[in-house]
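In what follows, chain A forms one complex with chain B and a second complex with chain C.
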Partner chain A sequence: MRFAFTDDQILFRDTVADLLSKECPAEAVRWAWADETGRRRELWSALAEMGVVGLTVPEAHGGLGLGEVDLVPLLTEVGRVAFPGALVETTAVVAPLLAENAPASVAERWLPAIAAGEAVATVQLAGQPFVADAHVADLLVAQHDDRIYAVPGDKLRLTPQPSVDGARRLFSVEFDAADAELVVNGEAGWLAANHAFDRGAGATAAVLVGLAEQMIAMTVDYVVARRQFGVPIGSFQAVKHHLADAELKVSFARPTVWHAAYSLAHGRTVADRDVSLAKCFASDAAEVVARKALQCHGAIGYTTEHDLHFWLKRTWALAASWGDAAWHRRRVAHLLLDA
Partner chain B sequence: MDLNFTEAEEAFRAEARQWLEANVPRGLPSGDTREGFALHVEWEKKLFDARWSVVSWPEEYGGRGASLWEWLIFEEEYYRAGAPQRVTQNGIFLLAPTIFEFGTAEQKARFLPRMAAADDLWCQGWSEPDAGSDLAGIKSRAARDDARGGWVINGQKTWTTRGAFCNWLFGLFRTDPEAERHKGMTYLLVPLDADGVTVRGVERLDGDEGFAEVFFDDVFVGDDLVLGGVNQGWGVAMATTSSERGLTLRSPGRFCAAADRLVDLWKRRSALAATGDLAAVGAGDPALRDAVAQSWMEAEAYRLATLADVTGIVEGRPQGARSSLTKIFWSELDVRLHETALRLLGPTAELVDDAPGAVDGGAWMKGYEFALSGPIYAGTNEIQRNVVAERVLGLPRK
Partner chain C sequence: MNVVVCVKQIPDPADPGALDPTTKTLKRDGKLILDESDSYGVEMALQLVTAAGGGEVTLVSMAPNGEVSGLRTALAMGAAKAILVSDDALAGSDALGTAKVLAKAIERVEGADLILTATESSDGYTGTVPEQVAGLLDLPSVTFAKHIEVDGSTVKVQRQTEAGYDDVECPLPAVVSVTAGVVEPRYPSFKGIMAAKSKPVDTLTVADLGLDASQVGWAGAGQEIVSIEEAPAREAGEVIEDDGTAFEKIVAYLDNLKVL
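Right, the complex of A and B next:
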């Protein structure tokens, strides 16, 4: 029994954290809000070079051939800096889906390109109304009932769906059947779609933990520095208890997120339940933390001049995507009570 | 990351499960009444005879030298089997770790085996009428008696759990009234049959005599009953607070078992609701389904957090002040879990004892009453939140 990451996993995480803190500071998120595409291909390439983007791509296709557990600490760093980009879609969802299901021609066309950072991928599963980062995607993986298709990015017709998070880019997407190549269908198609959904939800939960941790860190710094009544506001018990509640939430969401990744990586039969627990707790935690963080900042946090709102808005967006807390709680209830 | 137990650990689990299934007593009354306590002590002795009473202790003191992982496994099996809360907990989980850390060889040999065997029954004497959250405000005094080689105690302790049924008390007493608050206290072991001790039972919220007030009137204890050095009491006592808040007092096995019972209760109540039974219709509320799932998830999250914490402890990364987060979480999940159970029971929730209409013998209301004390004892949750803010997050004290 050992419920912790290995030294190698932690070293990899620290290396990625280092890159992100240099290349993706808050100013980069601010830039992404204003820029037309909001995406910097160089940053994506730097992450690919480190092995992050191709982490789940099999070694034979130029990736690291690693799994969900290895990815979790990295996604938490991605959340910590509010990284704008489709890492959940590309690395957590599409790459393993193709590696496990795609015919050789499709796999060979896309997986090496993903690992090299040359192809950004995104995904639309049944029930997901919008597609993230479709404007920069080289590949869309889309589910229609039991069929999962691969569609080149330049064949997509996009309608922007602006998000409250200006660094996030969402679209309604259409494409012609003639441009879509079948990846998998039938029973295997349903299984692949369910698996992809669980991977996306689990990965998003890991991002939410990073967002929440960063909001706590920003708020702690702020309440120590900000003075009212002649003392730091962080010395007031009401402020302390807001932050203690925030820390409580994220502390008990974090291990559920690790566990969901472990269950997925080991193909445990209860992985769906474990993922739902993680996404429910991570969504819930990040939303509570966001509220507490804003309250402790006062009016400065209520401006767009301060950076906090990048994290608040990403939290609202991700807490509700890939199934919100209520949806996942219902799924746990179903698995637990209707069996 | 590897969430499998070793073969040896699984064998340990199988052995514990088999023994517990064959031996766990059914329908024991509350251990917080005099008669119930005596029956619980019998159970404790049975556990001891089969060497299950203190699995993590070294064999020479009556344990099995079990690892922390095995201890967790045992706790899981213990509560899974429906075994009762341990009336010896304040001795084996709070005092014993302190004796292991600070006790002399003589004290270990004298107290630990008898504690393991439930021959000595220990209560915790910290709180006083004017010192609850502010424990360093205790006033009970122990004055030096050089002639007899010991200490003379005067004062009062209160809220002493099961104090009326125990024969020993461990507590903090002021030995240097001139010293500043956190200094000048000494951790003493006091026999309750000593001259000058008066114990008065106090009824708790649930109607059991689970509390006691303990009065000390010129009670003499010898130097051999000082644990960890004169005027060192605060530091010695703090060693037990982290056990109390952290995982030793409230292992996840207990909450996982309670959550499983809640799921079972939901199934029974919603089946009844489906028949149109008016007393159960509330149980068909979809909000209650969500609440049951939420409680189950919280217990599972607590289990997972414990696996991470134990990994850290085993690898030399102790929990430190984060044990306050643990205490807040288990105590508040326990309250929510029981609130949900009572809502499932609707108008039968209030029935207790031998009310013929009571579901599960009224155990859920009893459990609720006990759960409500969780956010108060072992340091209130407000105090724990202060600790989290100041010592985990680093916010200024003043």
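Right, the complex of A and C next:
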């Protein structure tokens, strides 16, 4: 097993990082909080044109037909800039779910549109009360017991729900059965839903690593620039230790996230365990980093005036989504001890 | 329509550059990237080829150690092929030495209608190479293009000036240097990146070009770097106490910069 990214994967990552650093600066995240939809279609199109959105869409449907290991470095970059958009839902969850399970008519309707950046997708699995980005989604993939449906976005009835992250809006969603097309059901439906959940949790863990890395970078910049008693506050041991603890957490989380992606991509039977390990490590790490970052900023970032605020809120939102750390830790214990 | 674009691969400006104390030149032994100022020429060339409805973009570059990373970026944007001149004998080349190499490499591209360059590179520059290339190839040259249009066998250029721009025309083939911001360079797509790996890069030496090693590099350079020193620290800005008329000084200052 070669446990390193290929030259192509690194080049894709750097290309995406370049685009996001120019097209999605902190002002874009701030704007997403204030704007009516919080979503800029041109940015989504630029990512689609590059091949990011359709990365997991099969080549026959206009995508690149790549998998989790290729996607994970890109999602970390997406987290780094706190990208406002449903990339986890669309590219990590819905596209592979449809590619593997949907009848030809449903796949042909949605997969080429996803790859082209024309259709944004979101997802509601069992036990997930609210749906992120439902207000801009062209497609909802929803689970009802063993049945998974595809519902066009314009057939959804939405009720806005409070969200800690103003750039990641949540909705409760209703739709009529007549508007829903069946994707898969029965035993295969349960399997598809479980697989979708693992993909979503693994992808979110990768985003959390990016958020955490960026919060550390912002904090390092701050403690070098901010002076007290005639020296940068970063020269104080108490501050250094906070940042070292933060870096340690992320360094431990990162390989678990990569490993989970590997297990998902290779269909390993322990993928669920590996995903849970990754999500609990990444959620814990990002929350610790968020706390340390806020403290080292002298609590600047507690309000929206400072960019750090947006990264903190995204971290809290994602750490609690797709199963929080405690939930995933219990699942790891269950999978190890009951096996 | 076939367009040749001269591109330079430079040390990543994000990493702090360093000078070699022995040669007194920039260290270029690490990974090199496409000079951003050249990405405008590549984009312009791709757009002109698309507008013409056919043809291709060829890159010409000179770099140490057979470096192709920057060329791959431009190939991923959509250029069809590249010629790379890489030879130890080229170390220390001055502007004219560089122009000789580029001109010889450009001559190898069959049916080139237009040669685009940046106005100057970002890492070390004189801003004279485009005109020298044009001189060596005996082609007409237009500098500082901010808009380019090809009409039959004529190229129409809006040439940036201090006060605005001049409309200039010249017959093809010609050498045109483009300013930064002339177009918005596209981001390479993943498909482009993968395709770029199989695009041809013709790597040549000085001898392959029919040049003598004494004409290029340190041997052929008409210049010598005598000494290098630290750039002077930035001077403090001017502070004007506002007595109610400070705006006049600001207006005069901006007017002097010709930004008003």
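Here is the rule we go by: the second predicted complex is superposed on the first by the 337 of 339 C-alpha atoms of A that agree within 3 Å, B and C clash if a C-alpha of one lies under 4 Å from a C-alpha of the other, contacts with A are read in each partner's own complex, and residues count from 1 in each chain.
By definition in this document, a residue touches a chain if its C-beta (ideal position, glycine included) is under 8 Å from a C-beta of that chain, and two chains touch if they have at least 3 such contacts.
The shown structure was predicted, so the numbers you read here are calculated from the model rather than taken from an experiment.
Student: With everything superposed onto chain A, say whether chain B and chain C fit together or clash.
Tutor: They fit side by side.
Student: May I ask you to decide whether A:262 touches chain B, chain C, both, or neither, giving the answer as first, second, both or neither?
Tutor: A:262: touches chain B, not chain C.
Student: Based on the superposed arrangement, let me know which partner A:69 touches: chain B (first), chain C (second), both, or neither?
Tutor: After superposition on chain A, A:69 lies in contact with chain B alone.
Student: Touching A:244, do we find chain B (first), chain C (second), both, or neither?
Tutor: So A:244 only meets chain B here.
Student: Examine A:302 and indicate which partner it touches, taking first as chain B and second as chain C; both and neither are also allowed.
Tutor: neither
Student: Take the Cα centre of chain A as the vertex and report the angle out to the centres of chain B and chain C, nearest 10 degrees.
Tutor: Vertex chain A, arms to chain B and chain C: 90 degrees.
Student: In the superposed model, does chain B or chain C contact more residues of chain A?
Tutor: The partner that reaches more residues of chain A in the superposed model: B.
Student: If you've got the overlay open, could you tell me the nearest Cα approach between chain B and chain C in whole angstrom?
Tutor: Once the two complexes are overlaid, chain B and chain C approach no closer than 15 Å between C-alpha atoms.
Student: Which residues of chain A touch chain C in their complex?
Tutor: 8, 11-12, 15, 18-19, 46, 49-52, 55, 64
Student: Would you pull the chain A residues touching chain B in the complex into a rising list?
Tutor: Per the stated touch rule, the residues are 1-6, 69, 216, 220, 223-224, 231-232, 234-235, 237, 239-241, 243-245, 247-248, 251-256, 258-259, 262, 277, 280-281, 326, 329-330, 332-333, 336-337.
Student: Could you pull out which chain C residues touch chain A in their complex?
Tutor: For this pair, the touching residues of chain C are 187-191, 193-194.
Student: Going by the contact rule set out above, which residues of chain B touch chain A in the complex?
Tutor: For chain B paired with chain A, touching residues are 1-6, 9, 69, 263, 266-267, 270, 289-290, 292-294, 296-298, 300-302, 304-305, 307-308, 310-312, 315, 322, 325, 328-329, 382, 384-386, 388-390, 392-398.
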